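Below you'll find the structure, written out as structure tokens, and then a few comments.
We call the chains A, B, C and D, going by the order they appear; numbering starts again at 1 in every chain.
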Amino acid sequence: MGWVSAPNAFMNIPATARIYDLEQPRYFGAPIYPSHAPGYFYTLHRHHERGMAEARTSASGFMYTTEHSGTHIDALCHQAEDLHLYGGREVDAGLQTPHGFTELGVETIAPLVTRGVLVDMAHHRGVGRIEAGNPIQRDELEAATHNQGVSIGEGDVVLVRTGNGALWQDPPVYLQAGGVSAGVSTWLAGRGVRAVGADNMTWDEGGVVDPDLKVTLPGHMILLVRHGIYIIENLFLEELARDQCYEFTFICLPLKLRGATGSPVRPVAIAAGE
Amino acid sequence: MGWVSAPNAFMNIPATARIYDLEQPRYFGAPIYPSHAPGYFYTLHRHHERGMAEARTSASGFMYTTEHSGTHIDALCHQAEDLHLYGGREVDAGLQTPHGFTELGVETIAPLVTRGVLVDMAHHRGVGRIEAGNPIQRDELEAATHNQGVSIGEGDVVLVRTGNGALWQDPPVYLQAGGVSAGVSTWLAGRGVRAVGADNMTWDEGGVVDPDLKVTLPGHMILLVRHGIYIIENLFLEELARDQCYEFTFICLPLKLRGATGSPVRPVAIAAGE
Amino acid sequence: MGWVSAPNAFMNIPATARIYDLEQPRYFGAPIYPSHAPGYFYTLHRHHERGMAEARTSASGFMYTTEHSGTHIDALCHQAEDLHLYGGREVDAGLQTPHGFTELGVETIAPLVTRGVLVDMAHHRGVGRIEAGNPIQRDELEAATHNQGVSIGEGDVVLVRTGNGALWQDPPVYLQAGGVSAGVSTWLAGRGVRAVGADNMTWDEGGVVDPDLKVTLPGHMILLVRHGIYIIENLFLEELARDQCYEFTFICLPLKLRGATGSPVRPVAIAAGE
Amino acid sequence: MGWVSAPNAFMNIPATARIYDLEQPRYFGAPIYPSHAPGYFYTLHRHHERGMAEARTSASGFMYTTEHSGTHIDALCHQAEDLHLYGGREVDAGLQTPHGFTELGVETIAPLVTRGVLVDMAHHRGVGRIEAGNPIQRDELEAATHNQGVSIGEGDVVLVRTGNGALWQDPPVYLQAGGVSAGVSTWLAGRGVRAVGADNMTWDEGGVVDPDLKVTLPGHMILLVRHGIYIIENLFLEELARDQCYEFTFICLPLKLRGATGSPVRPVAIAAGE
């Protein structure tokens, strides 16, 4: 990856704008949460080959993938609390079908084009990466935000960097990434953010039962079910962090996979440059 | 679909900006080019249900899809001419593998954030939609562009409206859409555009052998192989056309599907509003 | 299809034995019950090609298929009555998982090597094929069995011919096949058969609510849930019927797809010949 | 697994017959040859659940699998030598298509119902299992056959036991199984066998370049390409070996997957019993 220029920027994107690519590459063997294995697989069946009818040939393939592999966004229907989705709709056979949800599917997410904020928690802790075992707390997050000189407001997308995005090529290590505590999700929900994201597999610290909510991955319940806030996972935030780019225009365009519980995405951050 | 506001627009996107969603919805049964059938299929296997270990439950599924279903972008490796790809690289077993291409795969497409131009050819012809049988010619395209008061320049993304995007729900009719002649692709390539797109399945007029090039879908060969210009298909351009929005910031973020010949995308057009 | 000889028959299979192939061919586009579409799809991604490391090359592919496409057997877990499976086990999240059933999956079906009986109902009615609209009744089935001079006993596999197997190449017509009434399933269950089968998509007459049981496809509930009797669908019975071969050794070897609700199969009938 | 009785045996199968199940169970995570990963995956999307229209409910799923996962048979089109298949047919785009082969696909394999012979090489060597590093030689195979008191003749199916079938639950160990040398394949081809099989992943000793043929997996070329003899892999032979059952009726019914290079199968051996 690296800098991607926008040489023909139109209207409001300055010529000096820098586009940060926040998606991890997709391939079979990339890190995947165990319940979503085998994650992603692609085969090429139409090949360029000799002996075709004309000089032009066409190649194409099929992919088999969960919507939760690689860099992806969770739709609101992805999570339920006591069998209720966001907004209080009870899960029944009319809402949840073999081919997805009739409400709150990922196709209902409008394009995300909004202010984005990076909170570099690995930098704040002074570590290369935050490993599992010491979840990020609300007060740390607030302190890091303060130290970075940025504020978090309504409608923002907040990206939390754990530093694990640099380890995508090493799945067992990547899967031992640290995550946030319930307090972080609650606090962000209170700020009215539109979406959150992190450079780990599950946003939340995995495998921990929250003592108050009595559930694992509490942020998933707090954000998606209780507040209608989307979660983006497996982001690549290394370049933003390197450049100390803490504020940017964040763009994320989920595919309208009717009824699906999420979508693979390629988010970008656009920074004004100097 | 409809207007999507960006209430928290940051920096250079004005508060009055309008975001146009250019993706068609994805579901099994949507229009698909015969050689790419069955196109797209989604199943939900992890359900919200009673009797789980905790109050929070998680639902998710798998999709099986060609990269050429729905609104998508073609990577350069998608097409070859006499077994050579763009740049002159000959296709061999090191380049073309069972799991995709080692060069010119869709993961090599940088995020597209650039000036976009709509050329409304259905409007120019005074028809609801352009059907197969009367391919769009270069002179018409130039005239329409002139009438719209827009120019086409280097690095632009040019979207040609045939009016067929309104018929996505009716696959047999949609598949009878008209397309462009080879002359249009040649002319656009000469202008140095970065990508082209249309609201039909194949950009080119389907089923016609170009008399000069002796191939079907000549634009695919001219643009992808000879000039390295991407093609975006199955766009939804009705709202842009309705608003006579002919210039905009075009954003398209192809997934980095390593080695794949294309990617499903959700392009958007951002217009300044008044 | 046609006669398949067994020239090296061992032990108890006489040299004159004839093997009838009862499977329909598998390909995308074959008849499929709407709730199981797109049914079956196969792609070849590893190709024989030039430029490989050695003279020997290998080709292979992937198939994407429901276990209920083509000629297949239904496992007991395929059906439930008031959320209970055969044997009275209530369906819960421990039994029914995203990856199949922990009990009564198709892998629990022992190889079927037993006496088979064909009842040729199309012949009995004097028609080429039995179309939907006039379900096969118990008394007819008994009469046909009597006229054929065969009896049905415990452990038998009973195959009912509607004549529709000859129409596999014509999906819309094939899907209008007639089937059996609930009375037939009840009567066969009373005879203690091990499995039943037919040359149609659903064994039962499709789309009809049984007046007593108040369910569609009542035979599925009677046989699978109430009696633990397997159902085999989409058989090819034309050659057995042509030869008036009403008794045979029936062999069906379901794949041990752990937890799956059925399996594609290639049943055969072995007849002694004269 | 274990004994499976055939209580209603008809005609020529004696009541004392024993049916040996030679298929390994299928599930995601089972051993798979690296070039065929991820092998097999099954999801259940139609669930038994509350709130449906009637008391009867139906569950079903989709599998995504290579035809070379688990216990399977190789079709003749699976292998080529210098781009020629069995019978001398050269591979071209008319023969090898994106959806499989137009000749020699697995659908052309007639049901295998023939004499089977087990050669227990692990027993012959006095080891629990034959590991990679010491391929089985022709003279050993002949000696073992002789010691077992069986002959191998035209049309037989010959199953070679390495003892690795007991290790199916341990993929890394299983994949280190030993196999046969080219000499074994050549000798068996000379005997005119119809098919061969083994309880390992590749029949041949993996990773070894044959000094004469200059190819890996030479048996694949000798048997499939040069002699039209099928290969069955990943068999479960432990129970046959335990019972010293060296001759039996072998039944294997490949699915008619049009154009595919192999098929998952559930072979059985039927022995007369005493």
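Keep this in mind: a contact is a pair of C-beta atoms (placed from the backbone, for glycine too) under 8 Å apart; a residue touches a chain by one contact, two chains touch by 3 or more.
What you are looking at is a predicted structure, and each value in this text was computed from that prediction instead of being measured.
Participant: Spelling it out: a chain qualifies if it touches chain C and also touches chain D; which chains qualify?
Facilitator: Neighbours common to chain C and chain D are A, B.
Participant: Would you mind telling me which chain pair, B-D or A-D, is linked by more contacting C-beta pairs?
Facilitator: Pair with the higher count of C-beta contacts: A-D.
Participant: So how far apart, in whole Å, are chain A and chain B when each is placed at the average of its C-alpha atoms?
Facilitator: Each chain's C-alpha centroid was found; their separation is 24 Å.
Participant: Taking the mean of the C-alpha atoms as each chain's centre, how many Å separate chain A from chain D?
Facilitator: So the centroids are 44 Å from each other.
Participant: Any chance you could list the residues of chain B touching two or more other chains?
Facilitator: Expected reply: 28, 43-47, 49-50, 61-62, 64, 98-99.
Participant: Which residues of chain B touch chain C in their complex?
Facilitator: Residues 28, 37-38, 41, 45-47, 49-52, 64, 92-94, 98-99 of chain B touch chain C in their complex.
Participant: Across the complex, what residues on chain A touch chain C?
Facilitator: 43-45, 47, 49, 61-62, 64
Participant: Okay, in this complex, where on chain B does chain A touch?
Facilitator: Counting only chain B, the residues touching chain A are 4, 6-14, 17, 19, 21, 23-28, 35-36, 42-44, 46-50, 54-68, 77-83, 85, 91, 96-101, 107, 110-111, 113-116, 153-156, 194, 209, 213-218, 220-221, 225, 247-251, 253-262, 264-268, 270, 272.
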